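Once you scroll down, you'll see the structures, which are given as structure tokens.
Here come two complexes built around chain A, the first alongside chain B, the second alongside chain C.
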Partner chain A sequence: MRRHLLRGLVLVYVGALIAFPLGFIFEQVASPGWSALSAALSNREMTSAIWLTVRVALVAVPLNIAFGVGASLWIVRHPSRFTRLLDALIDVPLAISPIIIGVSLELAYAQNGWIGRPLAAWGIHVLFDYWAIVTASIFVSLPLVSRQVMPLLRTLGTHQEQTAQTLGAGRLRVFLTITMRSIMWATAYGVSLTMARVIGEYGAVLVVSGNIAYVTETLTLNIGNNFENFSAYQGFVGASVLALASIVVLMVLSYARHRERLRHEYRP
Partner chain B sequence: MTSSSPAAPPSPATQRPAAPAPALSQRGRGIVVSATRWGSRTLALAYLSLIVLIPVAALATHALDHGLGVWWNAVSQRESLSALRLTITCAAAAAVVNTIAGTATAWVLARDHFVGSAALNAIIDLPFALPTVVAGVTFYTLYGPHSPLKINVTGTWTGVTLAIMFVTLPFNVRSVQPVLEARSFSAESAAATLGASPLRVFATITLPALLPAILAGAGLSFARALGEYGSVVFISNNLPYRSEVASSYVYSLATSGQVDAAAAVSLALLVLALVVLGAADLTSRRVSRGLS
Partner chain C sequence: MSIVLRDISKSFGSRCVLDRISDEIPSGSMTALLGPSGSGKSTLLRIIAGLETLDDGVVELHGRDVTRVEARHRRIGFCFQDYAPFNQMTVHDNVAYGLKVRHVPSTQRRREVDELLRLVRLSDFADRYPRQLSGGQRQRMALARALAIKPEVLLLDEPFAALDAQVSGELREWVRSLQRELGITTILVTHNQSEAMEVADRLVILNDGRIEQVGTPDHVYDAPATDFVHSFLGPLTRWRGAPVRPHDLVLRTSGEGCDARVVDVVRLGFEVRVVVEEGGERSWVQLTHGEARELDPVVGAPVAVRRR
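Showing the complex of A and B:
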């Protein structure tokens, strides 16, 4: 009886706080009918914003996967005082507000900034450009892969790799068939978190992108702009596109968690 | 860089059969391997420096360039202090509510299996996956001036706290849940058999074991809430002195050309978040020691 009461309370809380707002987005999008929806979906500014978000994710996510897996292997397999420092530094982005990330990048990449000045000498201007959005997206999602992979690598050890090497497998083969295979689902979990963070970043991108329609307006900025310009419906259509994307991410997340748990249970 | 680490203790596995390849080519391969290793390490450090370390160092330098007095002057502006107070209060209020609700949710997820508990488990992660701006516009529409529920909390601390509660709930749940799942019922069952009431069992056995995890989750929630922007900016209405959160104040400084003041307030907020996260990290280390 008491258990049912607690279950009910939790369901009401999570339902009201999370499920109800999510359902409300789709209700808002669906209520004006199909013709309004199809007009909003073919809105040129929004489709251009979606395309920009995809282009940013296609660069930022692979870079962060490579960095996350590589840095995890370095930190876990070759521990030293330096890698301990690195371990702490990698997590810094999680402590920083997106707006502060944006301001930091603006200061460093401005024409007279520490990085911006040498780049300007080469004729490269990062700020208020596509690359500024990529940089901000990488910053906000940097630790998400390594935070999933590192704990797993720590518990796995290197016995399997050593065995494979003894049996004559080359380094690349050991890496692909043993290391990557055993961290695959943890990496997938981290990658989906990275993906969600990159396509959903708002504050940092707002500061560094310049928010120029058709040029540096990502989908999140487009939603915010529509909302501030009283095109709430258009904003909700954009929001529902992102919400659908995050539901897909969520399904990948729970599948990855499930696979990871299975692997743990079957480990001798 | 996957194996044969120099730090690894010698194990039977390293006794490999005689290599058929001549010694010179093996040394050549060794050079290639270490070149790749150091090359990729340099790349990783350059990546981290260019994207995270140098920008954050630039922020700190701008904040402290003119001395601590100027920094404190920017932080102690009335608008700044009221934004910081609002942010800290709402973050703390949300952390308190979510500590209770999150612990209850974790308990239900770990110990109570019913039809739909898998769905409940999945939807807890939604605030991680859902973009903050989507949460922001949704909460503004639901609880704003044109609310279908006739609830208007825009421009109030309640509205800000509500948005923060949504964003931070997963931290509270996901910190406590693994600890509950790893613990067995036996101590609780024994206490119940001996006649302890459920409340007493919870207060004297379950809660003390969970406390480090609960505190760690609350710390993560609080730190995240300190910097929250996208989900609160719409519902807060950004009224200076009344409902403007710290990150929103920093944004308004940065866009009005007061970059140094923006950097100063940013640094204060950043240090606060790092301290809270450090404390949360220490307690969660105690959690993992307790688990193993």
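Showing the complex of A and C:
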């Protein structure tokens, strides 16, 4: 009896918070019929926003994979006072609100900011530009790969790599065939988290991008703008596109997690 | 194919781990680096493999100075205590790794791997993953993987420490016969003196970063050069103020001059320990099961003790 009550409670909780609101969006999108939907889907401002989000993700995600794997190797393999500081700093983006990240980036990259001024002298203006969005996206998703990879690297140790060395393998081969192969699924899991965060980020991007239609308007900004401009239907369509993309990422994520768990359970 | 070590020194920070170690390991021998933990034996093994840098000294493999040669160019087979299996690869791929690195063509590679798996009796497990193997099987896989590159030297770091007593016993015998069969110069590191004596034909006893004694198991056991070797290599007791092996004491329970008294009798199957007291000094005598039955020492009974 008590178990049924608990189950019911969980169902209502998850339903009210996630399933119904999400289902509502898709219901809103579907109800006016196909022609309205196809018109909304081919809305040029929205397709331009989708394309911008894709372009941001294509740069921000690989950069964060490289940074996440590199920083993890450095922190785990060469511990020092500096790497301990780095280890603590990596978590900052998770702990503070994206809006603060956005505001601090705006201050730093403004024409009279610490980083913005020297860049402006070279004729580079980051703020309110594509690169501002990339920077903000990298910042908010910074720890997501390394937090997955680091614990695994710790349990992996260095014996497998050293054995491969004695068998004649060079550094690159050891890295690719032993290290990367061992952390592959953890990295994939981190990458899908990063992807979800990058395509879904709103607050930090809103501050640094300037939110200029066709230029610095990402999909999330486009959705927000539509609601503010009373074109709710267009907003629902954008939201459902984003939700579908996130669901795909989520499926990749759960597969990666499944593989990762398999690996762990059979560990000697 | 001998290994020459000349004045090898190594410190970690201010702690000196190896202090001017010199030795010549004869070709085809099975040498055990024996010592308590922290004696520097594993560090020495890693230095020979090229996995650790040294502060001072020279490592030569059959006349070639390899001190500055990278591990991957030394052609030395190395097995870690945890066997370091490549968990993402099948047993076959584990063993094939070194051959693949050396660009051995795939048909020849498969043939050589099959042969090695037969040698280590893992032919039926070629497609399994390391996690599906037992500890002993994993160790044999690691051995086959190391042997695949046809190394001139085989280095084993605590090869039997992670196994239970029975498997460890079987594997010791098997490793010993495999080494004889292949004639490959082998160095193994262990802290277990009976394991070293059983497997090796030459012992290098290390303590605190220094070599205490080198010799055959018989030689170092019978003629220990230092107190450390004396106490490390086997059981030791004191009799009339001097250290002595308990099986070198003889017990008599009848006749004249029974000045000692039996304090305790401990029966350990084949071995029976008789604790005796003489003039306020306690010693213990090691008897076989048969001897004990014949002498029948009883607690409190007078006995005579002499040195064999």
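Here is the rule we use: the second predicted complex is superposed on the first by the 267 of 268 C-alpha atoms of A that agree within 3 Å, B and C clash if a C-alpha of one lies under 4 Å from a C-alpha of the other, contacts with A are read in each partner's own complex, and residues count from 1 in each chain.
Throughout what follows, a contact is a pair of C-beta atoms (placed from the backbone, for glycine too) under 8 Å apart; a residue touches a chain by one contact, two chains touch by 3 or more.
These numbers come from a predicted model, not from an experiment.
Colleague: Now for A:Arg173: first (chain B), second (chain C), both, or neither, which partner does it touch?
Modeller: Only chain C; A:Arg173 stays clear of chain B.
Colleague: Based on the superposed arrangement, let me know which partner A:Arg81 touches: chain B (first), chain C (second), both, or neither?
Modeller: A:Arg81 contacts neither chain B nor chain C.
Colleague: Now for A:Ala108: first (chain B), second (chain C), both, or neither, which partner does it touch?
Modeller: First partner only.
Colleague: Going by the contact rule stated at the top, is it chain B or chain C that touches a larger number of residues on chain A?
Modeller: B
Colleague: Go through the superposed model and pick first if A:Arg181 touches only chain B, second if only chain C, both, or neither.
Modeller: Second partner only, chain C.
Colleague: Touch test for A:His159: chain B only (first), chain C only (second), both, or neither?
Modeller: After superposition on chain A, A:His159 lies in contact with both partners, chain B and chain C.
Colleague: Show which residues of chain A both chain B and chain C reach, each in its own complex.
Modeller: In chain A, positions 159, 162-163, 165-166, 178 sit in both the chain B and chain C interfaces.
Colleague: Please give the residue numbers of chain B that touch chain A in the complex, ascending.
Modeller: Chain B residues touching chain A: 1-8, 11, 13-16, 33, 40-41, 44, 47-48, 50-59, 62, 101, 104-105, 107-108, 112, 114, 116, 118, 120-142, 165-166, 169, 198, 223, 226-230, 234, 246-248, 250-251, 254, 259, 262-263, 266, 269-270, 273-274, 277.
Colleague: Would you mind writing out the residues of chain C in touch with chain A in their complex?
Modeller: Listed in rising order, the residues of chain C that touch chain A are 49-51, 70-78, 80, 82, 84-88, 97-98, 101-102, 129-132, 138, 142, 145-146, 148-149.
Colleague: Residue numbers of chain A touching chain C in their complex, please.
Modeller: Touch residues, chain A against chain C: 157, 159-160, 162-170, 173, 177-178, 181-182, 263, 266-268.
Colleague: Using the touch definition up top, name the residues of chain A that touch chain B in the complex.
Modeller: Per the stated touch rule, the residues are 2-3, 6-7, 9-11, 13-14, 17-22, 24-25, 28, 63, 67, 70-71, 73-74, 77-79, 86, 89-109, 113-115, 135, 138-139, 142, 158-159, 161-163, 165-166, 171, 174-175, 178-179, 192-193, 196, 199-203, 206-207, 220, 223-224, 227, 232, 235-236, 239, 242-243, 246-247, 249-251, 253-254.
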